[in-house]
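Scrolling down, you'll hit the structures one after another.
You will see chain A twice below: alongside chain B first, and alongside chain C after that.
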Partner chain A sequence: MTTTTPPIATAPVPLTGAEAARVSDVKKVRRAFSSPIASLLVVILTVLWTVPTFGLLVTSLRTKADANSNGWWTFLAHPHVTLANYNSILFSNSFGGGGGLFPYMVNSLAICIPATLIPIAIASMAAYVLAWVRFKGSDFIFFVIFALQVVPLQMSLVPLLQLYSGGAHIGSFTILPKLHIAGTYTAIWLSHTMFSLPLAVFLLHNFMSQLPSSVIEAARVDGAGPMRIFRSVVLPLATPAIASFGIFQFIWVWNDLLVALTFGGGSPKVQPLTARLSQLTGSLGSKWELLTAGGFISIVIPMIVFFALQRYFVRGLLAGSVKG
Partner chain B sequence: MASTLSDSLSKLFGVIEAVGGFVAIVLIIFFVAGRATGRLQRPLTVLVCLGPALVLLLIGLVVPAIRTMYLSFLNSDSKKVIGFRNFWWVFTDPNNRGVLIRTGEWLIIAPLFATGFGLLVAVLVDRMKHQSIPKSLIFLPTAISFVGASIIWKFIYTTRASGQQQIGLLSAVVIKLGWSHPPNWLLSIPLNTFLLMVIMIWIQTGFAMVVLAAALKGIPDEILEAARMDGAGGFKLFRSVQIPMIRGTLIVVITTIMIATLKVFDIVRTVTGGNFNTQVLSNKMYSETFVNFETGRGSALAVVLFLAVMPLVAYNVLQMKRERATR
Partner chain C sequence: MADVRYINATCLYEGNPVPAINSLNLEIGDGEFMVLVGPSGSGKSTALRMLAGLEPVSTGEIDIGGVNVSNRAPKDRDIAMVFQNYALYPHMSVAENMGFALKLKGVPKEERDRKVVEAAKLLDLEKYLDRKPKALSGGQRQRVAMGRAIVREPSVFLMDEPLSNLDAKLRVETRANIANLQARLGTTTVYVTHDQVEAMTMGNRVAVLKDGVLQQVDTPRNLYDRPTNAFVAAFIGSPAMNLRQAKLVDDGAVLGAVTLPLPRPVLEAAKGLSTITLGMRPEAFTISSDETGLALDVKLVEELGADAYVYGTLSGDSPEERPFVIRAGGAAPPRIGDLIHISILVGQEHAFHPDTGERLG
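Right after this comes the complex of A and B.
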């Protein structure tokens, strides 16, 4: 796949007459198969795929009475916009003791930022060594990391949780003492970091190993040590791949429910938006004007990232789609 | 309000502290390792750079995976070895039979429909002028969390007692179409499982479309031109030229969505909580482990999930490696 290829900026080359004719001919080939029916079908599918999110947004902007008395599609006939739902879902304290969503949004951010930055740092160091500071067995280690992608994170949940809350022992011999981090941010950061490493190392290694060796040789000749080469040559050149992975990881962590639910221990102090919303879907039941506002809050950040950085996101997604 | 704010600030400050601490440690190690000269330099670099990743992978994936396999042979409080009894339970318990069959249904239906719709859009859009708007809009759900998508669709499926104004889109539409007393969608077995699959299909179609559209773009124009000279029309071109040429990508897309589908957890948990005969493997594993505290059974379910996912991921990952090699 083209997932780790750096974006190659191709300057528009002026076409000769014959070439231009050929290009337009080819375009005609593709167009020759388009038809009004095909376009209509695309429009229908696009509308079908957009209406659900649109309905969510519209409902979140309606008054409680409106939202409960008729469908959101009637809004277009009698538009009456309010932001009250957002105010109450974010800050009100009337939801079964858990408070509004605002603190959970802060939790989501507090989880996402380190859970994106730490894997980037650790994985890029490892990928660099495996690609450029080769030693006996480095290929084998890369293969093992690469192969670890087949282990679903569900296999790790119970043992990791036991480790966080009770330490590791063989018989009465203690290998690792109690870490006392169950139900803290640290547990969630660590877990996300561990689960992301196989993919991250794989991606970044693929990218870094394709950097031209002449550049690294030149730095070596200039007397730069392996650490120096990493910091001032490889890292800057690998930025596009790091960005792709970073965006993918950020959205993945932001949208994650399972890891946060397991290692956050259901504590409101660390629970992210997704966990709280999943809970509220049960308890708020029919208060759709609030639930839709909450839902929209949770999807707005990925949506911004998505529209702003779509190209990087696609690249990360293509490569990371086996993750989980 | 004020306390919420100061609370949030102190949380974010804690995060900045943690990240700062992490960066400081990395920098110190870098500085120390950079000081080293001569023969020590390379081994030190390897240790410093590769060490953390290896330790984390060992603690986070390798050891836990082995331990989960071990736990799956123990009873609920992990005190006694009970052989294959947990696996026996997974495959013979009447409740579980439903769960396994349902997971199988998910595994076949969701990927096929998502890939089918994705392919349809990719092919149609490939022949259109303004591609980016429909592509972006259909792709958008991919960025939305499963929880967010679940809320979106649960709202569509809400049903009110007949006679009242319906606020759920699905009920309103079928009433318009002449079905005057639609059922309570999420309670109607077995329809509800398929309604949950719709959410997955809605999310994954965009992914399938983007990957397949890229593959279709990769078909050389000369081939399409030649096919047209030979008289291939719209559908014929699609069936006998475009499909065979993107077969490899098509399989990767299907297996990828299959992997995601096998692990589907958030949708079932948020919309129905696994009630009303909608339970699937991944959510069952979570409930068994963290709600019923049946660690042995939960671990056995995790192992089953692992064994089911493994061939799919292995296929994909190898495919990815092969494509890189030939590029």
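Right after this comes the complex of A and C.
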């Protein structure tokens, strides 16, 4: 993406010394950042940053013999592409037991999609109510929800697991019965939802409370109830915030190993890609061409999600609604 | 079609002992164009929002069409509101914006479209029905906001300074359009503005508010000719009325070197007072050719073409007194620094109580 800098209009009135100095400072900075040297620097940084990933991709496309005999950069001189690595890592049953990566990829999606949608659904409703429905203590509730963000999730792993498998009791009195969900998708979804809600409510609340109040009032006068205002006005206008949280949450869940491993109970039925990949580094430690293929697969999905949702980051979605 | 009545309506905000609106009594007839006007903080918008159901009616009640609506939700009041900043739904097209209320009411799509197109024709918006608000100019957005209200055919229109975001020329045009439209539709309208010119030109009647208290409700002519107190006198009219303290003598009031005869009812009402507040409109003066009358030291002349407004200090004014302004003919106005003599036209003065500001006589 390229951005063009609009030319600075020359001021019609003569500027005072200080103002002129400030304007020229701004110009200086702007010029410094758009200078060829700065651009070159950015290009170099970008290339350096991308090289490891590129090496990963190249290695995954090479044959086993090539990968073992020389470095990936020789590929650039003698290109010889094969997709066999992908085929074997995804579908072959031949290594380490437990089959190829494909079922785990499906598992990962089965974890990620609900673990992203559930928090969005709950948090957007909570944020709307906290931001726009006037009731006593709403600020306090919001504060408490966000304060939960302070609790590190590692601290709650064991208590939560106990709750899932044993319920909650005081003496012989049962507060929560056994949920029987340890080792299922439900446990993983629930946990991810819980861990993400504070941040999600915070982000969406802050965005929603910035919506112009007159638009909400106009909807009220037009005859919309709270639910309708949420659905027809607030939700569409909050898409940039929802999309950014969605990307954030999806990538975090996709890359997560700890939560899935803890609450999935190590069962291959619910294990995500990350869990399987970390096992493979042990069993396939020497098979670089396969590991890199697996690694690249795990990058591709978040990238697709990112580029698909990126277009919702529209700036100026509110343009034209209210003046001033 | 309905009339609106505020009966001792009061709006108290939590934690603030001073009511935003203090026991307002106001009757707005069916089909009337009522303008609420006042300086900022006078509670005029609050009064409107109480009628809309966006602010609570703490005590008293508000009736629309004879029904007490004080505790009803906005959507159950059969009103439509035009907001100061238009408050269009930015993610909907013009047609969707205008049809939103009908859609919520469950009006079938065909009828909805017909009504939207009808209203769009009325407002010259047909070409823009598919556009989003951001692709419209300020004036067009304002018309969409109007259209959104018209489409609903409500019993009362509420308008909260709908013209304040337009440029001066467009404002004058739109002002006339809104007044025409209202006359054609015959819908009861409550219109809030801080601009007294708007108030005078648009309203059948004008209600002047100050600090949450209704000062006077009357036709624009009567407000101008017989303001009920010094506040209304100074607020209505542009430039504002000149107010000066004057010593009371047997048959009139003494201002500078001039004794102004006052009519009998005024003198009777002022019995017992030693001074009164004298109000004089800028156009109530003639410039004398000789050196009789009030002496005015000219500090500023605003030439408007047909007229010129002359600002200055009267001899005997204290320095912090507001400048005295008179209207002079545009052809040969006085110049800055001149000392001119002016005399007031008989019967054009207004007398107010010096402490309460109430009209005398």
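What we mean here is this: the second predicted complex is superposed on the first by the 255 of 324 C-alpha atoms of A that agree within 3 Å, B and C clash if a C-alpha of one lies under 4 Å from a C-alpha of the other, contacts with A are read in each partner's own complex, and residues count from 1 in each chain.
Here, a residue touches a chain if its C-beta (ideal position, glycine included) is under 8 Å from a C-beta of that chain, and two chains touch if they have at least 3 such contacts.
Fair warning: this is a prediction, and the values are worked out from it, not measured in the lab.
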**Asked** Now for A:G294: first (chain B), second (chain C), both, or neither, which partner does it touch?
**Response** first
**Message:** Which partner chains sit in contact with A:T281 here, chain B, chain C, both or neither? Use first/second/both/neither.
**Reply:** first
**Prompt:** Which one hits more chain A residues, chain B or chain C?
**Reply:** B
**Message:** Contact-wise, after the overlay, does A:L157 reach chain B, chain C, both or neither (first, second, both, neither)?
**Reply:** first
**Item:** chain B versus chain C as contact partner of A:P236, first or second or both or neither
**Value:** second
**Prompt:** Touching A:F250 in the superposition: chain B (first), chain C (second), both, neither?
**Reply:** neither
**Asked** After superposition on the shared chain, which partner residues are touched by A:F207: those of chain B (first), chain C (second), both, or neither?
**Response** neither
**Request:** Classify the contacts of A:G225 with the two partner chains as first (chain B alone), second (chain C alone), both, or neither.
**Result:** both
**Complete:** Where chain B and chain C land on the same part of chain A: residues 225, 228, 317-319, 321-322, 324
**Message:** Give the list of chain C residues in touch with chain A in this complex.
**Reply:** 52-54, 73-75, 79-81, 83-91, 100-101, 104-105, 132-136, 138, 141, 148, 152, 165
**Fill in**
Within the complex, chain C is touched by chain A residues 212, 214-215, 217-225, 228, 232-233, 236-237, 316-324
**Item:** Residue ranges of chain A in contact with chain B within the complex
**Value:** 1-2, 25-26, 29-35, 38-39, 41-43, 45-46, 49-53, 55-56, 59, 67-73, 91, 99-100, 102-103, 106-107, 109-110, 113-114, 117-118, 121-123, 125-126, 128-130, 133, 135, 141, 145-152, 154-160, 163, 185-186, 189-191, 193-195, 197-198, 201, 206, 225-228, 230-231, 251, 254-258, 261-262, 274, 277-278, 281-282, 286, 288, 291-292, 294-295, 298-299, 302-303, 305-307, 310, 313-314, 317-319, 321-322, 324
**Request:** Could you pull out which chain B residues touch chain A in their complex?
**Result:** 1, 4, 7-8, 11-12, 14-15, 18-19, 22-23, 26, 30, 33-34, 36-37, 41-43, 45-46, 48-50, 52-54, 56-57, 59-65, 67-68, 71, 117, 120-121, 124-129, 133-134, 136-148, 150-156, 158, 165-169, 172, 202, 205-207, 210-211, 214, 221, 224-225, 228, 233-234, 237, 256, 259-260, 263, 265-266, 269-271, 273, 282, 285-286, 289-290, 295, 298-299, 302-303, 305-306, 309-310, 313-314, 316-317, 320-321, 323-324
